[in-house]
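Residue numbering begins at 1 within each chain, and the chains themselves are lettered A, B, C and D in the order written.
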Amino acid sequence: MIKIGIIGYGYWGPNVARNFNETPGARVVAISDVDQRVLQRAEKLYPHVRTCTDCREILSSPEIDVVAIVTPVSSHFPLAKEALLNGKHIFIEKPFTSCVSEAEELIELAERRGLKIMVDHTFLFTGAVRKIKELIEGDVLGDLYYFDSIRINLGLFQKDVNVVWDLAPHDLSIMDYLFNRDPSAVMATGIAHFNNGLEDLAYITVYYPGNVIAHLNVNWLSPVKIRTTLIGGQKKMLVWNDLVPDEKIRVYDKGVEGLDGDSREKSYGLRVSYRSGDMWAPRVDVVEALKCEAAYFIECINCNVNPQNDGVAGLRVVRMLEAIVKSMRMGGALVPLSTPWKGIPGGTAWNSIDASLTT
Amino acid sequence: MIKIGIIGYGYWGPNVARNFNETPGARVVAISDVDQRVLQRAEKLYPHVRTCTDCREILSSPEIDVVAIVTPVSSHFPLAKEALLNGKHIFIEKPFTSCVSEAEELIELAERRGLKIMVDHTFLFTGAVRKIKELIEGDVLGDLYYFDSIRINLGLFQKDVNVVWDLAPHDLSIMDYLFNRDPSAVMATGIAHFNNGLEDLAYITVYYPGNVIAHLNVNWLSPVKIRTTLIGGQKKMLVWNDLVPDEKIRVYDKGVEGLDGDSREKSYGLRVSYRSGDMWAPRVDVVEALKCEAAYFIECINCNVNPQNDGVAGLRVVRMLEAIVKSMRMGGALVPLSTPWKGIPGGTAWNSIDASLTT
Amino acid sequence: MIKIGIIGYGYWGPNVARNFNETPGARVVAISDVDQRVLQRAEKLYPHVRTCTDCREILSSPEIDVVAIVTPVSSHFPLAKEALLNGKHIFIEKPFTSCVSEAEELIELAERRGLKIMVDHTFLFTGAVRKIKELIEGDVLGDLYYFDSIRINLGLFQKDVNVVWDLAPHDLSIMDYLFNRDPSAVMATGIAHFNNGLEDLAYITVYYPGNVIAHLNVNWLSPVKIRTTLIGGQKKMLVWNDLVPDEKIRVYDKGVEGLDGDSREKSYGLRVSYRSGDMWAPRVDVVEALKCEAAYFIECINCNVNPQNDGVAGLRVVRMLEAIVKSMRMGGALVPLSTPWKGIPGGTAWNSIDASLTT
Amino acid sequence: MIKIGIIGYGYWGPNVARNFNETPGARVVAISDVDQRVLQRAEKLYPHVRTCTDCREILSSPEIDVVAIVTPVSSHFPLAKEALLNGKHIFIEKPFTSCVSEAEELIELAERRGLKIMVDHTFLFTGAVRKIKELIEGDVLGDLYYFDSIRINLGLFQKDVNVVWDLAPHDLSIMDYLFNRDPSAVMATGIAHFNNGLEDLAYITVYYPGNVIAHLNVNWLSPVKIRTTLIGGQKKMLVWNDLVPDEKIRVYDKGVEGLDGDSREKSYGLRVSYRSGDMWAPRVDVVEALKCEAAYFIECINCNVNPQNDGVAGLRVVRMLEAIVKSMRMGGALVPLSTPWKGIPGGTAWNSIDASLTT
C-alpha cells in the first residue's frame, strides 16, 4: 500500500485527492493547506485522513511514500526538493518548476536517490490525446504540416504567473508527447492590459524540424471558452474540440498535395491539387484522465520505471516556457532552442507498463 | 445613367456584375474576360451586354464611365492606370495593388483627373461590421483591449499570392474601419509547405497605440472553415461568427478590470476583478453588402465625394500587407509602420453621404 | 429547344426562372405575375423575356411547351388544367393540388394527352436526400425504426393554407421517396393561435407497415429555424441537419438490438444490447437541387418518360395532407390511408434516365 | 441533526448521498443496496456510514429520520409505505409511484402521520428552470402559446418501464411548475421496436386551457442526445438548451401578433404581423440542483411545511403518465384529465421558505 500526502487543496487538489484515494494499492493519508476552510471540506469528505496547515508535517512524515504537490508554481521547487531529500516520490503540478535550472536540480536529485517524479501533464491521459497519438503513429494523418491550438476563456488571473505559464503548459506537453521531436525555435507576442505587468494574452509560434509549425493562442480575456486544436497532415486533417461531450475528434479526408511532374493542373499554373472527402469521428474513450494518471504513477513506482511524464518531460516544457517569455519580452524575437537536457533517458510509456505488468 | 464595364468574370466578377446591374442609376454595358467559356455564362445571363476577351475594348470605350477591375492583383496597377488615364472611375478588387508605390501613383493620378477610386473592401458594408462599428463608436465595448480573428479554410491556392495577400486584406480593412487609428508595428510568422514558396498559413500580430493588439490567423490548409473574430473591450466583449445565419454578433457582459486602491481582493494579491452577466445578440441587418457598396459608389460619383474605402484606404491596407510579408521573410522581426501617406484626406462616410443625398 | 413560360414570380418563381433559363436545351420565353413591380425585377434581369400580368397569355401561347406554375396552391388546379388542355407539359409547385380529386383529374388529363407533370418536390434532388436514399438502399442503416423531422421557424403566415400544407409537403415527399412504401395511417394534433383558424403548429405521426413510425414537428411560431431529421435503423442511425454548410449528414454506428436466446444480459432482465462506435459524415454533393430538377424534367420530356416526382407522386403527398388535416380536425383521431391511386405506374428514376441518355 | 438513510445506490443514489451528506444540518447514516459491489464503492467514499443489503435495516432503524428511496419505480410504493408507517419522512425518486391510487394512499398516510414527502423533481431546482419561471411570472414572455420539448438519446432501456415513464416525468414536472394550471387532455403515439412490448419512443401532446399546447418528443433510440425546449409566448419566445455549459436560455424578441381592425396588412389578406429583434441570454445560476433540493427538504422538515414538489405534485405527474400511456394504448385517443386530487393544498414554494427562514 503506497501512502500519499497531498500539499495544496485549492482548485485542483480535491481532484488529485479523490483519484489517488480511489486508486487500488494507494491511500491518501494526509492533506495540508494553508487555508483552514478548505481543510474543513477535506475533513467532511475524508474523516479518516489527517489534515494540517503546515505542509512540513507531510514532507517529514516517515509514513508517507509519495508527496503530491498541488500548489502555485513558485513553491514547487522548495517543496519538491525537500520531499526528495526526505526520500519521497513526487507527483507535481504543471508547470514542473519556475525555471530550467530548478528542474535540472530536481531531476538529478531524484535520479541519485532512486525516486520517481511525475509531472501532472494530465492531458496525456485523456482519450482524445491518446486517440490523436494513435492516428499520428499509425500514419493516418501522414506527414505533419501544422498544429494550431486555441485555449482561451475568461481566465483566473494569477498573481505570480502570466497567461503563458498558466495555459501553454497544456499544449506544450501535448505537443511534446505527440510530435516526439524537439522544437528548434520559438517566438511569441503578447500584451498585459493591467498594472501587474503579466501578459493576459499571448500568441506563440513554435518551429519544428521538417517544416512543421505550431501556434498557440492563449488568452485570459476571452468572453467565450474555446479549446480547439487543428492538426494538419498531408493525408488527413483533424479538429479536436475538447469542450463537446461527444465527437471530440473529427478526422477530415481533406487535403492539398504538391504536384510533381507535368500534370494538367500544373500547366494552368497551379502547383497543388485538392481532395475533399468524408469526415470521420472515431470513438474516444471517456475515462477520467487523472484516474489513469494516478494508477500509472503507482505502477511506475511499483515497477521502478520512470513515467513518460517524468521530470525530463517536465523540463522540456519549462525550457519552452522560458524561451517563449524571453521572445515576448524581446519584442517577438526568434529564440532558438538548444538540445534539451539529456542526462536521463525518456520515461517508459504507459502502454509498455501495462504490458509489463501483465507478465 | 452611369455605364459600367467589368474586367474579369471569374469567381467574384459575376457578383459585381449582378449588383451593379441592379443598382438604380447604373447599367453594366460591357464584360471582358480572357476565358471565352465564362463569357458565355455572362452572355446567357445578360444577352444585352457586350462581351469581349480583350479588356482594352472596355478601357478605351468612350461610352463607359466606370471600370470595375475584378482580376488577379498583379494586373490591378496596369489596368487601373490605363482606366484612369482614359478618364474612367475605378472600382477595384482588394487588395488595391501589389505594392505601396503603385497605390500612391494611382491615388495621385485619380486626384489630378478628378476621378474616384473605390477599393472593394466589401466587409465594411455588411450588417455585422456596421453593427460592430456602432457598438465601438457608442462606447458600448469601452476601451479596446484586443482584436483576434481566425479566417481559415481549405483555400484556393493562388499562383501569384500567398495566404496573407489573399485572406488578410479582409481583416486589415475591417480593422482600419473599426479602429480609426494607425497601427504602429506588425510582426508575422508563416510557412510554405509546397514547392511554390508561397506561405499557406500565417500568424500576424499588429500593434496599435494605446495597448491594443490585433492578431490574425489565416490558413489555406484548414479542414474546416472558420470566420470568427473576438473583440475584447473594457466594458464588454464581442464574438462575431460570420458563418452563422443568425446572431452573428454576440455581446458579452463579461470583463476584467484592474483594481485601484486598497480593495479587499487586492489584499489577497489579486489585482483584477471579474464580471459575468448576460449575453446579448443585437439584430443585424441582412443585406447583400456588395449591393450597398455598389449603390454607395454610384452616389459618391454623382455627389463628387471620395468614398470611405477610397484609394487611400486601399493604400493603408497594402502598406500593412507589405510590412507583414517583410516581417515574415525576416523570421518574424518587428516591422514598424511609418505614418501613412497623407496626400489626400479620408473619404466620406457612407452615412454622411446618405444624409447629404436627402438634403 | 423547349420553351418555358412561368406563372408566378414571387418568392420561388425567380429561382425557377433562373434555373430553367440556365438549363441546356431550354429557354424561358415568358413570365407572368399579377404584381407589376415584381415583373419589373424580372425585366431588369431578363430584358429579352416577355412579361405579362395576365397568365392567359402564357397558357394560350402556341410558342410555349412547358408551363411552370409557381402560384398559391388554390390556383394550381385551374391553371394546370388549362395548361394541359392547351397541350402543355406542366412543372408545378408543391403541394400539387388542394385535394385528391383535383390531382386525379390532372393526372388522367395528362395521361390522355401524353403530357408530363412534374411536381416540384425539390428536396429529392438535393445531395443530402440522395445520399440518404443511397444509405437506405445499400442497407447501411438496416431495417428502419423511425423517421423524426423538425421543420420549424418564424414562418410566413399564408392566407389560405395552414402550417401543415405549407411545410409538411417537404417531409412527406422525402418520406415517399426514401421509404418506397405506402403509409397505413396518420394522426395529428395542432393548434391555431390567431383568428384565421389556420393551425400555426402541428405534430404529425405517420404509421408505416413493418413497425416503422414517422413524426413531423412543423411550426410557424418558432424563434429559431430548425431543419433536422433523425432516421433510426437497426444497424446505424443518421442525423440530417440541413442548415449546416458541411457535414449535413452524420451516420452513427450506434444502436440497440433485441437479444435472442439466453444471453448473460438477458438473465439480468435486460432484453436489449447497445452498440456505440464511430461517427461518419459522408461527403454530400453540393449542387443546386432545382438546377438538377429542371434538367431532369427537360430530359423526361425529351425521352418521353414520367419523372419520379410526377403527378402520382404529387397525389400521394396530397392524399396524406388531406388525411392529416382530417385527423387534426377530428381531435387527433387515427385516419387510415387506403391504397393510393394506381392508374399510372411510378415514374422513371433520375438515375435511370441519366443512364438511358448516355446510350 | 436530521439523519438520513438511503435505499438504492445505483445510478442516481450516489448523487443523493453526496448532496445530503454535504447539507448542513443533515447526515447520511446508512446506505443499502442489493448489489454488494456498489456498496463497496459507498464504503470507500464514506467509511463512517453503515451499509447493508437489506433495506429493512434502514426502514426500521429508530435512528433514521428520513428515508431516501432511489430504486426502480415498481418498488416505490411498498418502500415508501413502510417508511411512512415507521414514522419517517421520505425523499423519493420520480416518478412518485406506478399509479395514481398508490400516490393517493401515500399522500393520505403522510398527512395523517404529519410526515413530509418530497418527490425528486430535480429540474425545478436548476438555475435554468428557475430563470424560465421568473420570465413567465414577470410576464416577459406574455401569454403562452406552446411548450415543445425534445428529450432524446440512446437510452438506458429499463426492464419495467417504457420511455414515457422514464423520460417524460422531467418535462411533466417542469410544466406543472411553470404553467401553474391543470392540463385538460392528453394524447400520445408511440412504438415498441423490441420484444419486451415497452415503447422506446413516444410523441405526446398535452392540451391546456387557454389555447396552450405542449408537446414532448421522448426517444431511447436516438444517436444523439438532445435536451431542447422551446416556449412560445405572445411577447417573446425562448429556447432552453440544457446541454450547453453557457447561455442555456435564449430569449428572442421575435413574435407574431394577430391584427385587429383595418390595418394595411389586413387589406392584403394577412391577419398577422411579425416582429424580429434582438436575442438575449440571461445569466443562469450554476448550482447543483440536487444540492438546493436537499437543503430545501431539510428546511421543509425543520419548518414543518410541505415542499412544492410534495406528494401532490408527484401525483399530478403520475396522473398524466397514466393518461399518456392510456392514450398510446388506445391508438392515440384523446384522454381527458379530470380535476386532480385536491385533498391537500399545494406545497410551500422554495422562495417562501427561504424568506420564512430568515424571519
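We adopt the following convention: a contact is a pair of C-beta atoms (placed from the backbone, for glycine too) under 8 Å apart; a residue touches a chain by one contact, two chains touch by 3 or more.
Every value quoted in this text rests on a predicted model; they were computed, and no experiment measured them.
Greatest centre-to-centre distance from chain A is found for C, with centres as Cα means.
Centres computed as Cα averages put chain A at a distance of 41 Å from chain D. We define each chain's centre as the mean of its Cα atoms; on that basis chain A and chain C are separated by 53 Å.
Of all residues in chain B, those that touch two or more other chains are 224, 246, 276. Taken as a graph of touching chains, this assembly is fully connected, with contact between every pair of chains.
Residue ranges of chain D in contact with chain C, taken from their complex: 145-146, 148, 150, 152, 154, 157, 159, 187, 189, 191, 193-196, 200-201, 203, 205, 211, 213, 215, 217, 219-224, 230, 232, 237-239, 250, 252, 254, 256, 258, 269-272, 274, 276, 331-334.
Residues 246-247, 276-283 of chain D are the ones touching chain B in the complex. By the touch rule above, chain D contacts chain A in their complex via residues 21-22, 44, 47-48, 224-225, 243, 245-246.
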